[in-house]
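Each of the next two complexes has subunit A plus one other chain: subunit B in the first, subunit C in the second.
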Partner chain A sequence: MLEALLAIGGLGLVAGLGLAVASRVFYVYVDPKIVAVEEALPGANCGGCGYPGCSGAAGAIVRGAAEPNVCVAGGSSVHTAIAGLLGVEIKEREPEIARPGCTYGLDSADLKYEYDGFRGCGGAVLLDGGAKVCPVGCLGLGTCVRACPFGALSMGPDNLPVVDEELCTGCGTCERVCPKHIITLSSSTRRALREYTTDQCSAPCQRACPAGINVPEYIRCIGEGDYREAVRIIKETNPFPSVCGRICVHPCEYECRRNLVDQGVAINPLKRFASDRERLSGERVPAYRAPETGRRIAVIGGGAEGLTASYFLNRMGHESVVYEGSSRMGGLLRYGLPRNRLPSDVLDWDIEGVREAGVAFETGQRLGRDMTVGSLLEEGYDAVLVALGGWDTQMSQRTPGEVLKPLPGVYLLLDFLLAFREGKQRVLGKRVVILGGGSAALEAARIHIREDAREVHMVFRVPRSRAPFSEEVLEDAEEQGIQLHFETAVTRMMGRDDELTHLELTRLDALHDAPREILAADTFLTGSGRFPELVYVPQAGGGDVEIESRRGTVSWETLVPYAGPCATEATGVFRPGEANADYRAVVEAMGSGRRASATIQRYLSGESVEGPEHMIRANTRVLSLAELEPVSMAPREPVPVPPEEELRADPFLEVESTYDEDQARREAKRCLQCGLICYRRTEGPVH
Partner chain B sequence: METENTMTINGIEVGFTPGETILEVARRNDIHIPTLCYLKGASPTGACRVCVVEVKGARNLVASCAAPAAPGMEVLTESPKVVRGRRLNIELLLASGQHNCLVKEAGLDDWTDFQLEALESEGHKDICPAYGDCRLQDLAILYRARSDRFPTAEVRYPVENINPLIVRDFSRCILCGRCVQACNEIQVNNAISFGYRGKESKIVAKGDQPLKESDCVFCGECVQACPVGALVPLSDLEQCGLREEAEKIRTTCSYCGVGCQIFLHVRDGRVIKATGVEDVGPNYGSLCVKGRFGNDFIHDEGRLTKPLIREGDGFREAGWDEALDLVAGKLGALRQESGADALGVLSSARITNEENYLAQKFTRAVLGTNSVDHCARL
Partner chain C sequence: MSDFLLLFVSAAFVNNVVLVRYLGQCPFLGVSNRLDTAIGMSMAVVFVITLASAVTWNVQHYILNPYGLGYLQTIAFILVIATLVQLVEMFLQKSVPALYRALGIFLPLITTNCAVMGVAVLNIQNDYTFVETLVFAFASSIGYGVALVLMTGIRERLNTAPVLSNLTGTPAALITACMLALAFMGFAGMVQ
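For the complex of A and B:
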């Protein structure tokens, strides 16, 4: 008994001593801060921070490689605790939340086969991408639900995941485990940057909307009576719901699937209804603004495009200032539309909304007269967005024969030729690049060569064989010393202060890997009718060309916002392809404005400024339906119009009125809540 | 009988009276079908084919302004086929002339050439004067018609700007025929009609004469009917440029006793043009040459604001009392000298009925003569 006690006890003593020695000899120092931080972290090891588990994150935080608020799951209490431990301040970050991207469960979607196998999405997807006909349909097997470390996901009655907004921390685990990438993280900024792609579910109306409004969702909210939520959803991509609700050309309604059976849903009158309720209540639906970033952006042009861009830049946390040449904001909305279609007080309400959100307005500030791109960059703006609009708006604001030069070194070919023919203008520069313009371009090129320009380049997007001139004319031009560039696009400008110094040319036949040619140039003449939408940003040192810097000057380069969904390909003066821009209807200008703000946001956060991969454009083939199974007919609610006597009495009375609440609810119920190929198959009366 | 006369439009069953067109039935039931050449009150021409609708069983799209409703017809007004058809028609109309506004989207190589040609035509120094008030522009924006699909047709006829009051710009005429309808069926002046054939077609007046050589009375009915910038008041060309819409003040024309309802367009306290008020009697949008164009006298510098008394070869400004005393004295003297019938009074339609009454009372009771007349007989 005693022996055994001694033997075991002795063994224990020896082992204990051994351990004690080992702990001394093989001691590894662990920063107590790391331990403390790890204890403060939630310990879910979700990986949302991008580090391998919480201990990895703790180490990174203490090393300084990660911010104290890197933990997406923890929330602000965890962040403050960590910041307290480290004695640093934390920057606020924008909250994110998981959003399932499929709305029709297995019971209501078209299926290819009955799946009765391994109960996990990872296995089911191996069988021809899952049972649903829709390539982006939720498989409904709950892999995301099981993976959620916070119990925020559950399976709804229709086999679709449901997010508990209270519990979801935005860690992104579900996004990573979903084999179809259907459930994704969402935030105000992400939604403002969103484009519809072929990899996600979208309804025909959404895809048709140049502003990209989530149409079925806001109509659903109206149907449920939540009008303020409907306005909030519209404002995620369009800050002018009251204006759009009146004058939008509603391409969405033409694409509405109800057109196949009776008549499209009154999408635009419903938008007007929701926004008018907000306007008449006088209480604006608050818009989320991401934490202050400390960046400042100047937007030039107070029309629909400029105002939209400034609104979204502001919501993304930047400080944005709009410069407008005339005395009032609104551009064509104010000067191009009859008041019985768009009353001034409605326009003012929406513009005031942009100002109330935090955008600063500077009216009576004309580009080229009161400030220039160079002077704004010098003032310390991180980017200058130029949203000047089309040729016709320029024409209306000046005397004919005047040559405008709002942008450094950029001129409209038309302006120059008209003024030159009248003898009001001499040649413009020594190194001249002319883009597009047909025989007018050749005329301008010859004028410059004749008048001793050092270099004249003509840039054509088409190959030599398809140039708008005969071979003799081309040879003749070359003999005169004009340099011709075929199948080439002008893709970038570079300069210093208010001088253009270089242009970047890119060969179109090998767009992605061709070496980009940089030309020295001081004058750029464009044959397009639109002053290009451009972003000027200060050029960081070590660019493609070293622009000789002088004291007190800023060198800059341009970024080009990516093309919107209306473009048949990537179009624009500085984009490859044709020079058409989507700016004719106000909703298109708003879409361009939002895309310009997205471009700046991507640039500021160091990402590529291209549009997202697989973005849906006019020529993109999207899975859709050509006919519907019988759905019950329901007449469209007629838009109320004021009595004829009143219309006659007041020429400025609005020609259409707003739905009343009952009408709006009835009309909203007509919506089929379409997905890519799913829709609400109603039988019996709709209402 | 009633059950037989029903049709469905966009899934709604509607009744109709035999003889009604599809467009009329739709409008009566609050279903909107866009139109361009359709002129209310005139017979439909079906020229522009913007109002086309899809009728089940019909081989082609049907112009709803001209097609009569038939029992059992099933009509869709905005089906994908209809929208495509309308877009194509609008694109063809845009390509037919120099519509150099924002909807003109010629390719990068053609745009400047197109604008140069358009701007260098006579009377085209600026963008189209109908900008913002153009039905074709509205429709092109609404249906997102692209104007670079078809090449722009060459201009066949020069701008006719030798007329007083009205400029005829054939390069922007879409040959919808609204002006012809307005002239022949509304005003019944029969001054203009279609001339030539095919692509040579043109709106002609009196064997292709300028308007001022023709039977045209310059009532401007055609100008009000023109949906584009092909017929514009001469004064509009001087008002070019985008500005906030002018104030429209509804008033009664003061030229004669008919009481036509007009809108005076007022900007910065100045009347810049007059248009007829549509749909209201007595004129239902129509005006005569004086009512429509005769308003530039309002701001004329030469208008009298004070009485003038002739002295030698010139005039001298005088006070009202002095002027009235002088007139009363002279009238009295003349009556003494040669009797009351030596006097006569001519009054004006531009003053009110009450004032005219007073004028005749004054003539008969005070002057004592029946020689009183009125300028509306001119």
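For the complex of A and C:
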């Protein structure tokens, strides 16, 4: 008896003491906060935050590596609880919810075969990517619905997933399980930054739109009578619906599939209809703004491009300020367009919309005179976007004989030569790079060599055999000491304050990992007629070149915004076809303004500033249709015009009017609601 | 040597601890949903069973037997195993954090796993020497791991197969376990 007591008691005592000692010896400090935060998290271990499970997220939150609102599944109550535990404030985050990217179910899409195998998308995708002819079509087997940890997805009647926006937490599980990447997370910021890619469904009109408006969706809203939602959709990628609705060259309408049957849908008049209803109601459709980021961006140029860029930067939560040289905003929209096409009050309404959204306007401020890129960066702007547009508008505002120099170290070749010949301008610098410009470029190069410039470089985009000079002239130039670079583009500028110090040249003949060369240069002469849109950002230390920094100065470098779908070649500060977009139409300027803001956003979040992978460009092949199966004819609604005598009597009267509601609804119903290859196959008359 | 080999095969396959001896059913059904967790669990089981057998053998032969306290075997073993697992957990957390993270959540689960207790008791019942105990314990736990991983593989496939809705989940898993156990019966008689 005693032995038993002693043995077991002894064992227990030894074990207890052992554990007590071990707990001291092997003590590992676990922050009680981590435990508390982990308890506050939902415990679904969905991984939506990007950390391995809730405990991983708890550790990251307490370490400070993640925000208290990192949990996408928990919602604001969880965020507030965690913030309370940590004693910090949380920033409201923009709701992101799942959005299916396919609109035609298995019953209405073209099929390659009948699938009757294992009921899951993962199995169906193994058979030639699924039963649909469309490579980006939803397989309709509900893998995302079963995977959703929050029951926010269900299968609709047409075998497409339907998102319950109330229940969706934006955890992204559906996005991860979808083998075709069709259902994705979406938010207004994401949609504003998006470009159409070959990996997603897009209609011909959407791809044709330089601003990238989701055309079928807003026309569907108009057809259903939800005009304000239509305006909201347009404003996701274009802040000027009333302006665009009047003067857009509407490339979308030429691509409309109805052209294969009768006439394209009146896309632009419908945009005008929806935006005019908003304008006449006087009540703006509110646009979502991401929480304040504390970043400040200066935009130079108050034209369509600058205003668009500042609008989207503002919506991404940055503080954006537009500097405009003249006394009023609008640029060419105000000074270059006839009033009977674009009345001032319409323009003012759209511009006022940008201001009301929170963008600050500074008029009468000219770059190079009232402030410089360097002074703006020194003021603490995180980036300066230059959207000056053409030299022509600049020249109309300058004092005669003055050489324009709005950008540090960048001059117009012709401007310099004219001033030089008149004796009003000396040579510009010691290290000169000249791009393009033919004989004028050679003349400028010779002038600088003669005047003891240390280095003169001429840069050509073409190979030597296709240079605009004969071989003798080239050899002669080389003999004089001019350095020639063929098949090369200028891709980056670097400098300090208002001085240019370096240029980056990139070879164009290599497809990947093109060799880059950094050149010391203080002067850059260009034969181009337009300023490129450029983003100047403070140079981070440890870059390609250490620019010697002095006290009270700021070093910078340039980023080139990625080119939109209109561009075929995208390399270089000054690209072929002049700058980024050539502004045949205001909608192109708006598109590149939005892309410039996307570039800045990508830069600020530390991502690559290239355009998205698989972006559709001018020469990208996209699956489409050459003919339509019988779709009943329906003539296009004529756009109302004022009577001839009224037009004659008043030269400022608008030459076109707006649809009335009936007309708009009828016209909207003509839309075939196209997808990549799907469309509404109308049986019988449309109306 | 061949004795040990036979002992190993016998413990791992012929008398598989989970499918033939019917021990440790809870984690066998509970942790067999995903392969990576199943492998983590198997490793933890190998670790704990081997260690626990070594310690309990010593407790039996140097504490209980000399004083004729064999009837306290169950209580003593539970005490020892529970302490051991906690000790190991603390040790790993401090010294081998990587292994701790891999095995972490499984260790406390095993404290109350009857397979651990079962193997420890079998060692004594079969009158194994210390070395035989080690081999038997290691082999048994390997057998456990094999069964668990096989089960998980089948269940992962079963998840994507059309199963009668009434049977989805645990019922299907139990039927699977039954089939697997029948398959292991094929080893019977290979080694006594």
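Assume the second predicted complex is superposed on the first by the 629 of 687 C-alpha atoms of A that agree within 3 Å, B and C clash if a C-alpha of one lies under 4 Å from a C-alpha of the other, contacts with A are read in each partner's own complex, and residues count from 1 in each chain.
Note that in this section contacts are C-beta pairs under 8 Å (C-beta built on N, C-alpha and C of every residue); 3 or more make two chains touch, one makes a residue touch a chain.
Just so it is clear, the model here is predicted, and its values are computed rather than measured.
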item	value
Contacts of A:Gly12 with subunit B and subunit C, given as first, second, both or neither	second
Touched partner set for A:Glu644, first subunit B, second subunit C, both or neither	first
Contacts of A:Val28 with subunit B and subunit C, given as first, second, both or neither	second
Which of subunit B and subunit C A:Gly122 touches, first, second, both or neither	second
First (subunit B), second (subunit C), both or neither touched by A:Ala441	first
Greater subunit A contact set [subunit C / subunit B]	B
Touched partner set for A:Gln263, first subunit B, second subunit C, both or neither	first
Touched partner set for A:Ser657, first subunit B, second subunit C, both or neither	neither
Contacts of A:Arg636 with subunit B and subunit C, given as first, second, both or neither	first
Subunit B versus subunit C as contact partner of A:Val249, first or second or both or neither	first
Complex interface listing, subunit C residues touching subunit A	59, 63-64, 67-69, 72, 75-76, 79-80, 82-83, 86-87, 90-91, 93-95, 160-162
Subunit A partner contacts - residues on subunit B that touch it in the complex	10-12, 30-31, 76-80, 83, 101-105, 107-113, 115-116, 119, 125-127, 131-133, 140-144, 146, 148, 240-245, 248, 250, 263, 277, 279-280
In the complex with subunit C, residue positions of subunit A that touch it	3-4, 7-8, 11-12, 15, 18-19, 22-23, 25-28, 118-120, 122-123
Complex contact set, residues of subunit A against subunit B	249, 251, 253-254, 259-264, 332, 334-339, 390-393, 395-397, 400, 413-414, 417-418, 435-441, 460-462, 468, 527-529, 566, 573, 578-580, 583-585, 633-636, 638-639, 644, 648-649, 651-652
